[in-house]
Structure formats: structure tokens, C-alpha cells
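Two complexes follow with chain A in common, the first pairing it with chain B and the second with chain C.
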Partner chain A sequence: MGADHGHALHYHGHSVIHRLPAHLKIVSALAFVLLVVATPREATWPYAVHLAALLLAIRAARVPAAYLMKRLVVEVPFVVFAALLPFVATGPRTNLLGVSVSQPGLVAAWALLAKGTLGVLTALLLAATTEPRDLLAGLTRLRLPGQLVEIMGFMVRYVEVVAGELRRMSIARTSRGFDARSPRHWPVLARSLGTLFVRSYERGERVHLAMLSRGYAGSLPALDVVAVRRTEVMAAAALPAVAAIAALWGVVGR
Partner chain B sequence: MHVPDGFLDVPTSLATAAVAAAAVAFALRGARRELDDRAAPLAGLVATFVFAAQMVNFPVGAGTSGHLIGAALAAVLVGPWTATLCLTVVLLVQGLLFADGGLTALGTNVTLMGVVAVWIGYAAFRLALLALPRRVGSVPLAAGLGGFVSVPAAALSFAGLFAVGGTAPIDAGTLVAAMASIHSLIGIGEGVLTALVVGSVVVVRPDLVHGARRLRAAAVAAEFGVAESAEARP
Partner chain C sequence: MTTPVLDVRGLTFAYPDGTRALTGVDLHVHRGERVALLGPNGAGKTTLVLHLNGILGGDAGSGVGSVEVSGMPVRQDTLPEIRRRVGIVFQDPDDQLFMPTVRDDVAFGPANLGLRGADLETRVGEALAVVGMTAYADRPPHHLSFGQRRRVAVATVLAMRPEILVLDEPSSNLDPASRRELAEIVLGLDVTVLMVTHDLPYALQLCERSVILSEGRIVADAPTREVLGDAALMGAHRLELPFGFDPAATR
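== the complex of A and B ==
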């Protein structure tokens, strides 16, 4: 603790996007994805504009494209679902490379892939440019209930500790010749999780006592709020503004 | 397992976000009853535990593996209100810091896993406890049933949402049948694992298992010949 350690997805940097206040970034990302989801799927061009705007934002953040691309693997499960859609969907059939597929299913699959990929890329950019503690401050500013932010704060602080404990248990099992290959080995893994729960719960109790002894009275002290400059608001609004124009284009041009 | 952006249309996503917000508001109050003023650090560490538990891969065979969702598990271990908060925080962190689950689908994911899976799982757990003998040993079995029920319950709720605000023309009957059959299989795994984990905690620290509290009080009362009214104590 104390040291400035980021998290799995954070990419250290000092770009315009890194420096934007977190609450503006969260609102901007959420508005952008909402507009992407609201864009009619019959239109192709608006999606090209969405993608171009997002790529410009990634460029401005100076996060290497390869860094984000590697992390796009989280979308693999729904890519599989999208690939199945043309075959299971209803509606008139059409011919694709000699195979009969559903026409509306094909359109839906394309829309799902486009919207899903843009959504994941946006979330990746947000995670890559925002430190967890800034994210917490941003959520507080967005009026998320204080207790929820506190719980999230404890999770962000202790996730490495608990994951480390899990890792050490795994090493201990392996060093005793354990190799999980089938459901026969579940009881051993489940006992590890049971132990992890007891340890996590007891750590929570110790943390609470430590907090009490340092004067905790039910809520954590508020973080100092930094004033927001108008240029920052405009920078954050740029991405959803472009997306709004593109979405409108999609609605009108239909 | 997380719903990504673009699966459900905007009105449905906003509606589930409203449901999730209301559920979290209630859970914040309810969790104070379950954990009193220790709520923040304890719920935080339990949320971290759920997050870590989801990282453990359980081999199914033939090179595949699965992982826990942990909704029913958390409900049995720390109570349903706290479990709703824990799952919500896990989903928030996964969505905002790990790009897992769409930003616009956060409300949907919280509704499905933090509300439906937790509460249906917990309800099944309590019902099973009523049917089973009043012994601490019944707790893992009932928890396993809760875990089993929670997965198809969440999957069917998703199928229902998809029928209302889905973005692909799939026959509702086909979707329900596919979701129910696949997730019943996944639910078996979830149920077995929930039972095993709860079983291992109940053996060493029965006092930490929220779902075993009343039974434990009854067992202690029986042992010391105290009247059953002692149960009322938390």
C-alpha cells in the first residue's frame, strides 16, 4: 500500500485524457456508448464515424493500439454468440457463401459485433487512462451512494492482497503434487475458497478495528474536490458530441 | 456471462438500471442490519473474495473449465442484502476497471446477478432449509440447491429481457429452451461448488455463515438445555 501501484488495465501516462477529471470521463464514456447502442443498425456509416472518433480519442490518450487490442479478448464469448445468430434467428433467409442464413439475423450479428466492440474499446480506454482512486473520486462526484463507493474502495485496495493469498494457496497445492484436472478435484479447490472466505472476513474485521482505533466514526473523510475547467468539460464532451451527430445521421438517413 | 453493450436496446437498459439502483438503495439499508457499522470494510473484503473466487478455474474435463458466479454463495455466507452490494461492487469494478460487461449493460448485469441470482438463490436456500432436518449439516445441501437454482433463474430473466428489448430476432421459445438447458448444466456446477465451499466454512467457522445462524443458536440452546427463545438473539 501507499506506493503508486496501478491495476491490471491502467496504462501510465500524462496525456490530455489521463489528466481529465474522472467523473467527466465516466459520463463521456457512458454517453458515448449509449449513443452507439441507440444508433440504428441498418446504417453503416455512423459506425465508421463512431470508430474514427474513438480511435482519435485513443490516439490523444497515447495508449498503444496493441495494448488495447490484446485486451479485446474479453469480447470472445459474445463474438461466438454473434457468429451463431444468422443461423438461429428467424426471418427471411438469404444466401451467404452458399449457406442459407437469416437476413435479419445477419444484420443483428453485425450490429452486435459493432456495438459490442465499440463498447469494450471505450471501457478499455476509460480503464487504461484512469487510476482506480481517481475513478472512486469520480463516482463520489457523480453522487453514487457514499457507502457503495467505500465498499468499492476497500475492494480496489485489497484485491491484490486477496488475489495474492489465492496465488500462494495455489502454489502450496501445486508444491504438494496437486493438479486439478477433473471435477474429482473440486473439493480441494472448494476448501481453498472456504479458507479464503474465512481469511477475507477476518481481515475485514481487523481492518474495521484498525479503522476504529484511528477514529473512524461511520464514514471516511471526503476527498478534496478540484475545480473543473471549462476546457476540460469541452474536451470530455467532444466524443459524445461526435457520436450524437453520427447517431442522428443514422436515424435521419434511414 | 456478462451482458455486453448492444444486446438490449436503450429503453430496456435504462429500465434495468432503474431496477438495479432501487435494489442497491434498499440493500444499503438492509446491509446495515446484517453487518452494523462494520458494513463497509466487511462488505468490501467479501466483495473482494467473490471477485477472487470468480478467478478460480474449476476443471470440467476435456480441457474446459468454468468458474463460480458466487451470488448464492455470498447470500448464504453473509446474507442477501450484503450479497447484493458485493455483487454490485464486483460488477462495477469489472465493468469500469476491466472492461468486462458493457457500460450501458451495468444495470442489466446488476439486476441479473446482484438481484435475481442472489435473491432467488437465497429464497431457494431458505425453502430447502425448511424441508431439511434442522441441523447445521443441512446448510451446505440447502446452499447447493440455492446455487443450482440461481443460475437458470438469472438466465431465464435474461431471456425475458431479451424478449422485450432484444436486438436480434430470435424465437422467444427457442431462446428460453436454449438458455434454460445450458444454464441448468452450469447451475449444477455452481450448486456443487456452492455446497462444497459453504460446507468447508461451516465446519471450521459456523459462526461466520449467515445462513446457519438460527440453526447454530438452536443447537447451542439444545446442548445447554436453554429454552428455544434464546434463538432470537443475533
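== the complex of A and C ==
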């Protein structure tokens, strides 16, 4: 569990970035990632600018680097794929440290690695500085359809309840001598998942009953109104603005 | 007598598959009373509770009889007000608490009643203070202990200022200390209570009157001590006192 307050990905703090309204942060992060992806992959220096801008933002958020590095592990499958690309890709070969590798593969690997890492870091920073509740409120303010936001909210709320149920079922299976190593046991696992689905479905019905009992009439009440200051908009725009310049540089400088 | 807070008359209900759940149930609860609803599993207790705020029955049900709350009949057009008047605390707090924070969850009911801003905050603050959970307002419900979640569930309903609080198995899965704390909270409330329970000592501690529902019928309605002391009645309806518990020995 991460900070006491919210979610495993949330890093409790009171920095400028933590205090920015959530919807501005969401737009800012999305714009930044889109600009990173739009930067031509042959460019090198624009990526350094992207990274520097992001590092400054992380610095301003006072989220420890070690905290983010640990969570960057989710990127590992992509890193492995990127590392394979130069060896499996076709096209003209080139020499890298005495090994013959594919030139386009090398460029593709670099682009995948650079864009992927920047994207994951941005998402981690957003998650670390915004409570799940505020993220949902932010998405509502961005006019995402209410039903979608409610579904996400229920997911955040119940993922641990369902995971706990799955864990208890697994312990109960193991306690009766079950060991899921051979494919012969897959049907048992499939049935467990089926049971979990039915239980979750029934829980959904009970939650709905409890909501009706408290006067639910089809939509969740919007609970907070946020006044946005111009300085906050400018602070949120800073990151994508730098990225836009870097991306432009990458396009023109080609 | 004054209008009862809860007035159930001749309530009969069968589920769509034909299972008969309630047969001619009559139940009157007056202001300020605390009544325990006892009965074996499958007696129809939950079915009865779901009639009290119109989740079952009303216009849509396949039953006869009527439910009135402080003189207001449970009908499709009265449902919003009925659901304010009847506050049901369900057995599993995970079913009841679904918002991202405790504060939002307690605000859910009153916000559905149209409250906003300072009024809403006052309601939430009051309800959380009553159950002693003010310090946890900004926590997500899933990070609380089970006992704390049950108390928050009570607060979510109190925030609607109900006329009758319906508790479904309030002491289930609680450790003895949480069980006692919840009892103290309930005893401190100035509200009519209907408590569904298998926990007979809890019924004796909290409710002066008990009603036994068995196979869809009310078979006893008397002071709790009398009901628990009637061995023949208890035995006939699969009710048993815990080992070593003697209702006559308490106070």
C-alpha cells in the first residue's frame, strides 16, 4: 500500500502540482503524451527536451525519483520487445559494438523506448499527484459521460474487494490440496473465474439496491465545484508548451 | 394513539418463481420504539425489510397489503420521500459504501434529496460525528476496518435524517469491542429502530420489544425478555439462546 490516503499509485503531498485542479492536469498530461508521440523518431535532442521538461515537473511535484523508478517496472515488457527489434527487424544492417543489427530496427527500438518511457512517466506523475477521487471529478468536469465516470469509480472502489474474494477462493482451493500447475487444472480455474463473475454480478445488484434505498435516481450528484485561476491554467500549460516547441523542432530540423 | 412510524397491514408477497415469502404480516412500530425482528434463516425478514422502503412491493409487486410510513403509503409516487424516511443499513458495508471517500458516501443520500453546499456539509459532519468517524472523512471506505465501515454505513443513512432506522444484522462479523461500540451508538440515537438480528443478547440489550417472523408470519410480538424467556416459543421457531446466556439473569 502506498500513502495512507488513497491508492497504491498515489504519493501523498501538497506541492504545486498536487494542488492543481485535476482536469487541468489530465489535459496537460494527455497533450504532453500526444506531442511526444508526434515527435519524429529520427530526432534525438527534442526527446532530451521532453525528458528535461518532465523531470522539472517531477521535481516541482516533489515525488521521489526512486518512487517513480520502482513503478516504471510496468514498462519492462516493452523494453524487452524494444531490445529484440534491432535483431529481428529487416532492412540495411549496421554495426553496433561489433554486432550486426538492423538499422530501421534500431531506430524503431529507440523510438519505442523513448516514447514509452516518457508516456509511462507522465502517467505515473499524474497518478502520483492526483487522488483517484479527484481524477474522477476531473474527468466529469471534462464532460466525459457520467456513466463512464461512474463505471471507473466503481472499479476503483471494488477492485480490492473483488481481488480479496479471488485471494480467499485461491487460499480455499490450495487448502484442499489444489495445485494449479498442470493444464489439467485449468477447468477448475475457469470455474473459479465464473464463480467470481457471478458473485461480483450479485454484489452489483446488492449495491444497486443500497443505492436505490438512499434515493439514487440515475445519476451521481456532482459534489464539488472548482474555481480555476489563470495562474493554474498557465502552470498546467507549461509542460505541453515546452513539448510543443520540442516537437516542432523535431519536425522542422529533420 | 398517534400515527405509527411504521404501519404494515396484511402484507403478503410471493417472489416471481412462486416462493411465498410473506403471509399477512401486520407490524406497527411507534415513535421512539426500538424493535427487534427475530426469526430463523429464510423466515422472510429481508423480504419484509425491502418492502419498508418500496424496493419490493408497492405498485410493482406481486403482493397484497399495505405499508405506511408516518401515514404516507409506499407507492411509486411517494418513493423518494419514503426512502428518506426509512433508512436501511444493509448487512455488508461493502454493498453500501461505494463512493471514493467516506465523506462522499455519507453525502450521497442527502445530495439525492437535493441538498448542496453548506447544508450538505452540515449533514455529513453531524452524521459522521454521531458514529465517531469524523477523523476518517477523507479516507476511501476500503481502507477502513470492518467495524468502522459498518459505522460509516450507519452514518450514510443517518445523514438523511430518517424517521426509522432499519438495521440488517448490525452485529454480524463484528469483534466484541466493535459490537459494543455500535450498541452505544444505537442507544445514543434519538430515532425509531427496527433491528433484524440473530444475535439475541444484542436484541435484549438494545430493544425493549421483539417480533418473531417465522415462515412469513408474525408469530410473536412481546417484550424482548418475555420472548427470549419462552422456551417453547423459541424452540418452535428455530431460535436458540447462546450457550450460558440467561435473559433472566441480566439486570
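Descriptive notes on the structure:
Keep in mind that, in the parts below, the second predicted complex is superposed on the first by the 249 of 254 C-alpha atoms of A that agree within 3 Å, B and C clash if a C-alpha of one lies under 4 Å from a C-alpha of the other, contacts with A are read in each partner's own complex, and residues count from 1 in each chain.
Here, a residue touches a chain if its C-beta (ideal position, glycine included) is under 8 Å from a C-beta of that chain, and two chains touch if they have at least 3 such contacts.
Computed from a predicted model, the values in this text were never measured in an experiment.
In the model built by aligning both structures on chain A, chain B fits alongside chain C without clashing. By the touch criterion defined above, A:V156 lies against chain B and chain C together after alignment on the C-alpha atoms of chain A. Of the two partner chains placed by the overlay, neither chain B nor chain C lies in contact with A:R93.
In the superposed model, A:P221 makes contact with chain C only, not with chain B.
With the two structures brought together on chain A, the opening angle seen from the C-alpha centre of chain A toward chain B and chain C is 70°, to the nearest 10. In the superposition on chain A, no contact is made by A:R62 with either chain B or chain C.
By the touch criterion defined above, A:K115 lies against chain B but remains apart from chain C after alignment on the C-alpha atoms of chain A.
After overlaying the two complexes on the shared chain, residue contacts for A:M211 are found with chain B and with chain C alike. Counting residues of chain A touched by each partner, chain B versus chain C, the larger count belongs to B.
After overlaying the two complexes on the shared chain, residue contacts for A:R173 are found with neither chain B nor chain C.
Once the two complexes are overlaid on the shared chain, A:P132 sits against chain B and chain C alike.
Minimum Cα separation between chain B and chain C in the superposed model: 9 Å.
Chain A uses residues 7, 132, 153-154, 156-158, 161, 203, 207, 211, 220 to touch chain B in one structure and chain C in the other.
Here chain C touches chain A in the complex through residues 50, 53, 55, 80, 83-84, 86-88, 90, 92, 94-101, 104, 107-109, 111-113, 120, 138-143, 156-157, 160, going by the rule given at the top. Of all residues in chain A, only 1, 4-7, 131-133, 136, 153-154, 156-158, 160-161, 203, 206-207, 209-217, 220-221, 223 touch chain C in the complex they form.
Those residues of chain A that touch chain B in the complex are listed here as 7-9, 26, 29-30, 33-34, 36-38, 41, 71, 74-75, 77-78, 85, 88-91, 102, 104-105, 108-109, 111-112, 114-116, 118-120, 122-124, 126-127, 132, 135, 145, 147-148, 150-159, 161-163, 165-166, 180-183, 185-187, 189-198, 200-201, 203-205, 207-208, 211, 218, 220. Put simply, chain B touches chain A in their complex at residues 1, 4-7, 9-10, 13, 24-25, 28, 37-49, 51-53, 55-61, 68, 77-78, 85-86, 88-90, 92-93, 95-100, 102-104, 167-171, 174, 189, 192-193, 196-201, 204-205, 208.
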